[in-house]
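Alright, structures below, take your time with them.
One chain, subunit A, links the two complexes that follow: it is found with subunit B in the first and with subunit C in the second.
For the complex of A and B:
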């Protein structure tokens, strides 16, 4: 009797969260797949079964592919900057090159943007990027570099990159802080031993820091990729996916389809694709963790 | 154990008491959703609801308001989840027709036309709320779009109010040569372009053709093929290419462009009458401003007397269980006294006859209404008049035209393709 009770107890504790997840996460996700098989709009109570029609439309829609490319670009740049550059910055801050106070100052300065709400950051950078009156253009004009001035958020070639850069500005400092915690956990005597052997700072970074933060790097990479494929808010605030869909990402494409074009079944198929992409990234992460 | 049981009992009793209250309440609750949460507007709506509830103690109005953009999301979510408010806001034109077509709006034709209520509104204000000859909405205000200009700047540079489109281009050239931005324009959210394009279409495309295209009732081989469409986009492109607009309009929002104009930078801006209230106290208010309707085209085949504008209004849920109460409230909101109060407090216009007078409205608003009266018709907001998907293609295309990455012909070809697809789907459903 007691044994059964003890065996059941963990399930009892888990059940509220499992129930909530089932109702609010897994249920809707499955429901969404069903929705994607119908042609329907919120205005019209009549649903029409179209099978994979929405998916056929999706895969032949150039805006969908352009969005996917933009998300991938978002992921690649974010991993490069928020993971690898951030690791570099964390290592430099940790290497005792600077006085402790300066390290705190830098860390806080880098970290601060991450506590600002995304909408505030979006509006702030919208002003910085503003043509003619914005900070960037003003700096270019003041330094005689007028020819470099662009309408950063208004041109098809620059809009996506301009938004991606803002994300890097906002989140790199946060990643630096996480890496610093991870680096701090590496035993100091390892560095001292290598230093006595005559290893340079770079060699210490290569042979101690990098292996020491391997796990953190993996997890942060996966989180960054997740974020890049789910991104919506900063893009919507800064460009709304424009101009002419140049900065459209899957999130904004889905939103626009559901809430502007009134093709909710189609929007559900976009959501399903986002769901499968993130599931694949998650499975790769699980596999890599298990393999170690 | 004993204490536990006692606590449980006490809790149960408390719950029972809590749920027990309110049973005796026999009031009818009418839910009401609109898109004017701004403080000055809520002052009016709160007072109106209070006055109505006092006069009708059996009715409880549950009012909610969300702003313009989020409203478009909220109403869709409510529709999809079947929680349609008894009374909800709607733009006129295609936006409202969607509800009627989907069977989500109550047909109020008989309530209006079989009573004196019909005399409250000019027929022109009711027309945009009709679908297949039946009325689905009650107009509350009417708005229109005008080109505002800085009178001081115009005087200083010796330019006159343009009469034709070519005059407008000449005005732009003169101002630009003098180092003044001719027209402030923010098209990051491209509904801003749709207002220009919408009025140009009305002036360049024959009226019956345009109306048939918007409603997707013309034959497949004719849909959106009139040369006036490309001409209108070319005219819009010309405004951009000849330097009428400020630099980087695709990266600026309309409020930022408006801010520039109010601060005295730039000579003109295409603005809605409902925005006039924001001008008071700004530098432009001191230096002087006036407005004109977008000029006509010498060879336009459309209606030169048409201007862009539309009534906003309320629709009733097809599933409402309290139609009598709903009608009572809507009639109350559109009584001359309430309409005058509405104009007085919100600074907006009213669709109720005789509600806007020299006593309660700004002289500029009265002047705008005169323009409206003199107009031969209204071109509704393009993004609420065309079907949503074709509009989205046209709006994105407007940004591409400004950037020079797509031609007017390419954009119209895409609009036509999308419109054909939408037409086909409508026929299936």
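For the complex of A and C:
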């Protein structure tokens, strides 16, 4: 009797959060897969079972593929900047190149954008990107580089990259702070031992810092990729996926399909694709962690 | 010419003086132990020698050349850290050879050096293991191997045994002593453990609050400590210290009355002492005789604690009006708690320290 009680007790404590997860996360995720097999809209009570029809439509839709490419570009650049550049910056800040006060100043300055709301960031950068009057164009004019001036958010070639750069500006400092914590946990005497062996700063980075932050790097890479495939808000605020779907991502494509075009079944199939992409990334992470 | 010389070296961290005007030398093949309590500056001193900290004032000479500004890697030194500082993602072989790989030494040469050092330290079967798969003693050997493989001019050891349990510490202490002989190495070794210092050192440098208290051979320091600090730091159990007063002194002998009642004549260079001076008399636990026959002074007391260690017995005796006195008796002594005893203090075994804690020289 007592044994059964002890065995059940942990589940009792877990049950509130499990219940919330089931109702608000796993339930809707599974429900969404069912929705994606129907053709339906919010204005029409008739649901029509179409099997994989929504998916056939999805995979033949060039906007979906353009969105997927944009998400992938988002992920690649974000991993490069928010993970690897951030690691480099964190290592430099930790290497006692700068005085401690300067390190605090840099760290805080880099970190501040991450606490701003996305809408504020979006509006701020819309002003910075503004043609002619914006800060970037003003800088180009001031330095005689007028020919490089663009309608940054209004041209198909630059819109996506312009939005991606804003995301890097906002989140790289946050990642730097996380990497600095991770680097600070590496024992100092490992560096000193290698210094006595004649290793340069770069060799110390290679032999100690990189292996020392491997776990953190893996987790932050996965989180960054998750974020890149789920991105919606900053794109919606800055370009709403335009011009001509040039900055469309899966999130905005799904939102537009569901709430503007009212093809909710189709939007559910986009959501399902995002769901499976993130599951795949998560499984890769788990496998890499197990392999270690 | 000394192998290494510290000349009036000081180190300050902001307003804090960690090392103050320290001078000592290390000869070729000498095993020098820097010993002192926590915070005395011994590890800082080692880091100054290693080049991991900058010297604030004074000179570091190696083979007669000033090395103050030479980068750590070019000083010809190898250091074994207290935490071993093994790279967790590298195998034993990679840990030992990392310095050679950085120096781009030929792979075949590296392989032969690794196997040579592994043989010296009995690490042959562990070369492919990661540090986390090793025991504390094995990690310690890898750290030593990493130092040996570089063939340094001088080995620096920073409290290398402090993370090991008592049995392993004893074993590694013996191994380090053997290694010193086998490699004909010059070693500077930091520890807070006076037993390590006494057993390993050719020369001991006793440090306290950033200053040198005394330099000498282990037995020299044990038998003729320069002051109360050295006297009580070396030796376990500690030297008994009994306050007293000079009551009579002539050219060669001073008579000292201990506060706890006994009186004894001691042959000291009495010119530094005059009647009425406060002094401290020290006596090692093993020098005290239980039973007062033939002693110059004796103290009555009652046994409060008996510790039977097998080879010896440590007896704590309560003295009326004073601190308990520790006595070491050889073998398994037949003595029990509560026994009334008379402790004999042979005059020849007494150390006398003046009011400032400095030893008063004995005659002869």
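Quick notes
Going forward, the second predicted complex is superposed on the first by the 292 of 292 C-alpha atoms of A that agree within 3 Å, B and C clash if a C-alpha of one lies under 4 Å from a C-alpha of the other, contacts with A are read in each partner's own complex, and residues count from 1 in each chain.
Note that in this section a contact is a pair of C-beta atoms (placed from the backbone, for glycine too) under 8 Å apart; a residue touches a chain by one contact, two chains touch by 3 or more.
Just so it is clear, the structure is predicted and the values come from calculations on it, not from any experiment.
By the document's definition of touching, of the two partners only subunit C reaches A:194; subunit B does not. Of the two partner chains placed by superposition, only subunit B is touched by A:240; subunit C is not.
In the superposition on chain A, contact of A:85 is made with neither subunit B nor subunit C. In the superposition on chain A, contact is made by A:152 with subunit B only, not with subunit C. Using the contact criterion defined above for the overlaid structures, shared-chain residue A:262 touches subunit B, although it does not reach subunit C. By the touch criterion defined above, A:208 reaches subunit C but does not reach subunit B.
Set against each other, subunit B and subunit C touch different numbers of residues in subunit A, with B touching more.
Residues of subunit A touching subunit B in their complex: 39, 41-46, 48, 126, 129-132, 151-156, 239-240, 242-245, 256, 258-264.
Touching subunit A in their complex are the following residues of subunit B: 72-73, 76-77, 79-80, 98-99, 101-104, 188-190, 246-253, 256, 388-389, 392, 396-397, 399-400, 402-403, 405-406, 425, 428-429. Listed in rising order, the residues of subunit C touching subunit A in the complex are 50-52, 72-74, 77-79, 81-83, 85, 87-90, 98-99, 102-103, 146, 150. The touching residues of subunit A, counted against subunit C in their complex, run 187, 189-190, 192-199, 203, 207-208, 211-212, 214.
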